[in-house]
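Both of the next two complexes hold chain A, though its partner changes from chain B to chain C.
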Partner chain A sequence: MQRKLTFIIFCLILLVLGPLLSNQPYWMHVVIICIYSSILAMSWLLILKIGHLSLAHAAFMGVGGIASALIVTKAGISFWLALPLSGLITAIIALILGFPLLRVKGIYFLIITFAFNELFVIIIRNWKFLGGYVGLIGVPRPNAIGAIDFSSKVHYYYLILFLAAVTVITLYRIYTSRIGRIFTSIGEDEDLARSIGIDVIRYKLIAFSIGCFFAGITGSFLVHYLNFAGAELFTTWQSLYIQIYAIVGGMVSVIGGPIVGAFSLILLTEFLDIPIKAQPLVYAAILILIIFFLRNGLISLPQRILAWRLRLLRLLERNIKHETA
Partner chain B sequence: MPVAQIIFNALLLTMLYALVSSGLTLVLGIARIVNFAHGALYMLGAYVAYYVFQEAGLPFPLALALSVLSVGLFGILIDKLLFRRLAGQFFAAVIVSLGLVFFVEGGGALIFSEQERSIAPFVSGNVDIFGATLSVERIIVIFAGAFVMLALFWFINHTKQGAAMRAVAQDSEAATLQGVNFNYTSALAMGIGAGLAGFAGALLAPVFGVVDPYMGQTIMFKAILVITVGGFGSVPGAFTAALIIGFVESFGFWYVEHWVTAMLFGLVIIVLLIRPRGILGKEYIMRH
Partner chain C sequence: MKLLEIIDLSKSFGGLNAVDQVSMELIRGEILGLIGPNGAGKTTLFNLITGFIRPNKGRIKFRGEDITGLKANEVAAKGIVRTFQASNTLFQQRMVWENVLIASHLKYRSGLLRTFINTPSIGAEENNIKNQALELIDSIGLSTVQNEYAVNLPHGYQRLLGVCLALAANPTILLLDEPVTGLTPEETSAFMNYIVKLRDNGLTILLVEHNMKAVMNTCDRIVVLNYGKKIAEGSPDLISKNEDVIKAYLGVDINVA
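Then we have the complex of A and B:
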C-alpha cells in the first residue's frame, strides 16, 4: 500500500514537472495523447461498470468535439464556455439515446452502440454543416488567458492534465460514494439491485450521461488542439482503441486501470517504434493475450507476481520438509 | 423512377445481406458468439478472390471455391484457438472478437496495403428486362446467392448435422445428452458461417469492383442490423430481415440517399423497443 502511494506520487510529480524537464513538442504530443486517452478510457469504464459495454464512446467524443467546433466558430463563443457546454450537450444526447438503449440487455446495447457509432460517422460525412467528408477545419485555439495563448504544446499539456485531474477526482468521489456503490451493484446483478428497490434505469442513465459527458469534453479539447474536427477521429475503430486501453490496463481498477492501459500501450508504440500500420495488430495481440493470461489487466500484474512468488515459496517449503522427513 | 432497376438492386442487396447475416446468426445461435470479426471474414473472402481471379487470372468459380474453403478453415481455426477456450464467458468472447477485428483488418492493411484494388467483372454484358438495364453478372450473383441460401436451408432442415445444429441452438445441454458433439457442431457452425461470409465477399467483389482492408466494416454494420431485426440465431429470420432491409435500403436510397442508413438505424431501434427478439427470434439467453 505504501509502495503504491509512493509510486502514484512519483508519477504525479513526473507528470506535473515533466514539461519543465523536456519541452520537446513530440513528446508533449505523445503524453497529451496518453492523458486524453486515459480520460476516455476511464469514462468508458464507468459505463461498463453499470453492465453496459459501449462501442459508441468515440461517437460521443465526436458529439462534444463537433458541438464545440461549431459553437466556437459559428456562434463566436469562447472556448472556455464551449468546453463545458459541449460536455453538457453530449450528456443530454446520451440521456436521450440512453432512454431506449439502456433498457435492453447488454448484448443488444453492445450491438446498437456499435451501429450508432457507424451511423454517426455516416451522418457526419454526409452533412456539410457537420463537416462533410473533409471535416471542420480551422477550429481555433482556446482563447488566451493572459500569457497562455496556446501557441505552444505545453499550454495544451497543462490544460489536458487539469481536465484529467478533474475527471479523476470526480470519478473517485463517485465511486467512493453511495451512488458509486449503486452503480457497482447494478453492474453486478441488475435484477438483484432492482429487487432491493434501486431505480435501475435512472442510475444507468446517470452513469451513462456522466461517462459521455467526459467523452464530450475530451472531444472539445481534441478539436481545439488539432484545430480540426473530422469523422476519422470518431470512428468505431477509435471506440475499440478506447476499450482496449481500459481492458489491457485492467477493469478491476476503475481509475488506475485505464490510465495504466492508455499510457502503456501508447508509450509502447513509441518506444518500440511500432509502425502505424502494425499498431492494430499489436494491440489486438496484446488484448487477446491479456484476456487469456492476465484477465484483470496490467494493473493486476504486481499482485499476480506476488501471488506467484508466494506459491513458489510454499512449493519450496514443502519440498524442503519432504527432504528432512 | 426505374422501379425494375431499384427492385433488382434490392434483390442483390438482399442476397448479400442474407449470405453474410445467416453466417453471423448461425454462429450466434450455436456457438453463442457475437463474432464482430464476421465483416473481416467477408473482406478476406474478397481478397482471396482478388488474388486468385484478378492477379492469377484463374477462373472465377475456382476463386469462389478457394475463398469459401480458406475463410471457412480460418473460421474454424479462430473457433478452436480462441472461442472454445472462452466457452461460457460471453463478455470475454466479445472482447476477443472485437480484438480480432483489429487483428484481421489491421493485418489485412499491413499485408495487402490500404490501397484499394479493383477487380474486373467475371462476365460482361447487360440485358434489358422491364425497361431496366441489368448486368448479367448481377443476375448470376442473385441466383448464386439464392441457390446457396436454399442449400443452407436444406442443410439445416434435412441433414443430421443440421438437426444437430438446431438442437444445440435450442438447448446445448439437452443436445449433448442426446449424443451431439458440441465442440464439433460448434466448429462446423463457425466454419459454415465463415465460409458463407467468405463466399459473399468473393461473389460480390467483382460486382462492386473494389476491395480494401476495411470493406468489412459497412457490411458488419448492415449484418448487425439484419440479425437484430430478424432475430438472433434465426436463419429464416435473417433472410426475411435481409429482404426487408435490402428493399428499404434500395428504395430509400433512391429518395433520400445516404440518410437511408439513419432510417435503417431508426428501424432497428424501433424493433428493439417493441420486439427485441426480432421477427423470428426466440428470446436470446445470455449465459452469465
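Then we have the complex of A and C:
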C-alpha cells in the first residue's frame, strides 16, 4: 500500500515536472497522446463496468471533436466554452442513442456500436459540413490565456494533464462511492440488480453518458491540438485501440489499469520505432500474450513477480533443508 | 387483509399458455406455498408478479393499488422482492457484506449528485446502512463468513445470502423461488424455521418449492398450478388429499377402469 502510494506520487511529480526535464516537441507529442489515450481508455472502461462493451468510443470522441471544431469555427465561440459544451453535446447524444442501444446486451451491443462507429465515419466522409473526405482543416488553437497562447506543445501538455486530472478525480469519486457500486453491480448481474430495486436503465444511461462525456472532451482537445478534425481520427480501429489499452493495462484496476496500458503500449511503439502499419500486429501480439499469461494486465505484474519470487524462495528453502538433512 | 391480489393473470410464450387466467391472493402475514409439477408456470407467475415480464392479460394489485406493468425495480421499491432459483445469482466476485450493502440500495435517501460531491451527511448515511447490513448478516447467521467472496461460499450459505440480499431491500412481501433446493434435511429445516420466524415478524411470504415436506410443514395455505392453470387452493391438509393435485403429480389417472 505504502509502496503503491509512493509510486503514484512519484509518477505525479514526473508528469507535472516532465516538461522541465525535456521539452523536445517530439516527446511532448508522444506523452500527450499517452495521456489522452488514457482518458479514453478510462472512460471506455466505465461503460464496460455496466456490462456493455462499446466499440464506438472513438465515434463519440469524434462527436465531441467535430462539435467543438464547428462551434469554434462556425459560431465563433471561445474554445474554453466549446470544450465543456462539446462534452455535453456528446453526453446528450449518448443519452439519446443509449436509450434504445443499452437495452441490447452482450454481442449485440458490440455489433451495434461497431456499426455505429462505421456509420459515423461514413457520414463524416460524405457530409461536407462535417468535414467530408478532407476533414475540417484549420481548427484554431485554444484562445490564449495571458502568456499561455498554445504556440508550444508544453501548453497543450498541461491542458491535457489537467483534463486527465479531472477525469481521474471524477472517476475515483464514482468508483469509491455508492454510485460505482451500483454501476458495477449492474455489470455483474443485471437481473439481481433489478430485483433489489436498482433502476438498471437509468444508471446505465448515466454511466454511458459520463463515459461519452469524457470521450467528447478528449475529442475537442484533440482537434484543437492537431488543428484538424477528420474521419480518420475516429475510426473503429481507434475504438479497438482504446479497448486494448484497457485490457493490456488491466481492467481490475479501473483507473490505474487503463493509464498503465495506454502509456506502456504507446511508449513501447515509440521506443521500438514501430511503423504505423505494423502497429496492429504488435498490439495484437501483446494483447494475446497478456490475455494468456497476465490476465489481470500489466498492473498486476508487481504482484505476480512477488508471488513468483516467493515460490522460488520456498523452493530454494526446501532444497537447502533437503541437502542439510 | 389482502396484501396482494392477482386477477385473471395470463401469459403466453408463442402458443404456450405458461400462466392461464390465474387468480389468487396473498394475505398479510401468511406463508403461501405455490406448488406444481415442472413447467406448471410457477416461475413465470413469479416473474409476472415481480415485473420481470409483463402479462398479456389480467391485473396485479398490491394494497389495492394496480401495479401491473411496473418495471422490476419499481415493484421492488413498492416492497415486493424476490430471490432467484439459481443459487449463484449473487454478486459473485464480492464479499458477503458488500453483496448485502449493494442490496441495501433502496435504503439510501441521498441523491447521486450529493453522493458524488460527498457532503458530510453521506458518510453518516453510508455507515448507518452498513451497520444495518452487518446486523442483517448476523441475524441470518452469515457473520462468520461476511468477509468471504460470495463465489467461494458453500451452497447452503449461498442460498442464505440470496435471501439476505432480498431482505436487505426491506420487503413487505418476500418471494422465494425454490430456496431449499440442494440443501441437506438439517439445513432445510433450519431454513424453514427461519422463514417462519420472518413471518412471525410480520413478513408475508410466497414460496415456490418442490420439497413437499418443507412446503406442507411451513405453509399456511397452498396454491397448486398445473399447465398454467390453478387447480387447487387451500390448507396443506386439504391439498394433500385433493384428487386433482394427486393426479397432476402422478400424471396418470389410476382410477380409470
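We take it that the second predicted complex is superposed on the first by the 312 of 325 C-alpha atoms of A that agree within 3 Å, B and C clash if a C-alpha of one lies under 4 Å from a C-alpha of the other, contacts with A are read in each partner's own complex, and residues count from 1 in each chain.
In the analysis below, a contact is a pair of C-beta atoms (placed from the backbone, for glycine too) under 8 Å apart; a residue touches a chain by one contact, two chains touch by 3 or more.
The model shown is predicted, which means the values in this text are computed figures rather than measured ones.
When the shared chain is aligned, no partner comes close enough to touch A:305: not chain B, not chain C. Touched residues of chain A were counted for both chain B and chain C, and B has more of them. Once chain A of one complex is fitted onto chain A of the other, the partner contacts of A:244 are limited to chain B, with no touch recorded for chain C.
Residue contacts after overlaying the shared chain place A:13 against neither chain B nor chain C.
Of the two partner chains placed by superposition, A:316 touches none, neither chain B nor chain C.
When both complexes are overlaid on chain A, the residue A:278 reaches chain B alone and has no touch with chain C. In the superposed pair of complexes, A:166 makes contact with neither chain B nor chain C.
Judged by the touch definition given at the top, the superposed model places A:192 against chain C, while chain B stays out of reach. Contact with neither chain B nor chain C is seen for A:144 once the two complexes are overlaid on the shared chain. Using the contact criterion defined above for the overlaid structures, shared-chain residue A:115 touches chain B, although it does not reach chain C.
Interface residues of chain C, counted against chain A in their complex, comprise 50, 52, 71-74, 76-77, 81-84, 89-94, 98, 101-103, 105-106, 108, 112, 115-116, 118, 122, 126, 165-166, 168-169. Across the complex, chain A is touched by residues 34, 36, 82, 85-86, 90-92, 94-96, 98-103, 105-107, 109-110, 114, 217-218, 221, 224-225, 228, 232, 257-259, 261-262, 265, 268-269, 272-273, 276, 284, 286 of chain B.
By the touch criterion stated above, chain A contacts chain B in their complex at residues 53, 55, 100-101, 103-108, 110-112, 114-116, 118-119, 122-123, 125-126, 236, 240, 243-244, 247, 277-281, 283-285, 287-288, 291-292, 295.
Within the complex formed with chain C, the residues of chain A that make contact are 173-174, 177-179, 181-182, 185, 188-189, 191-200, 206.
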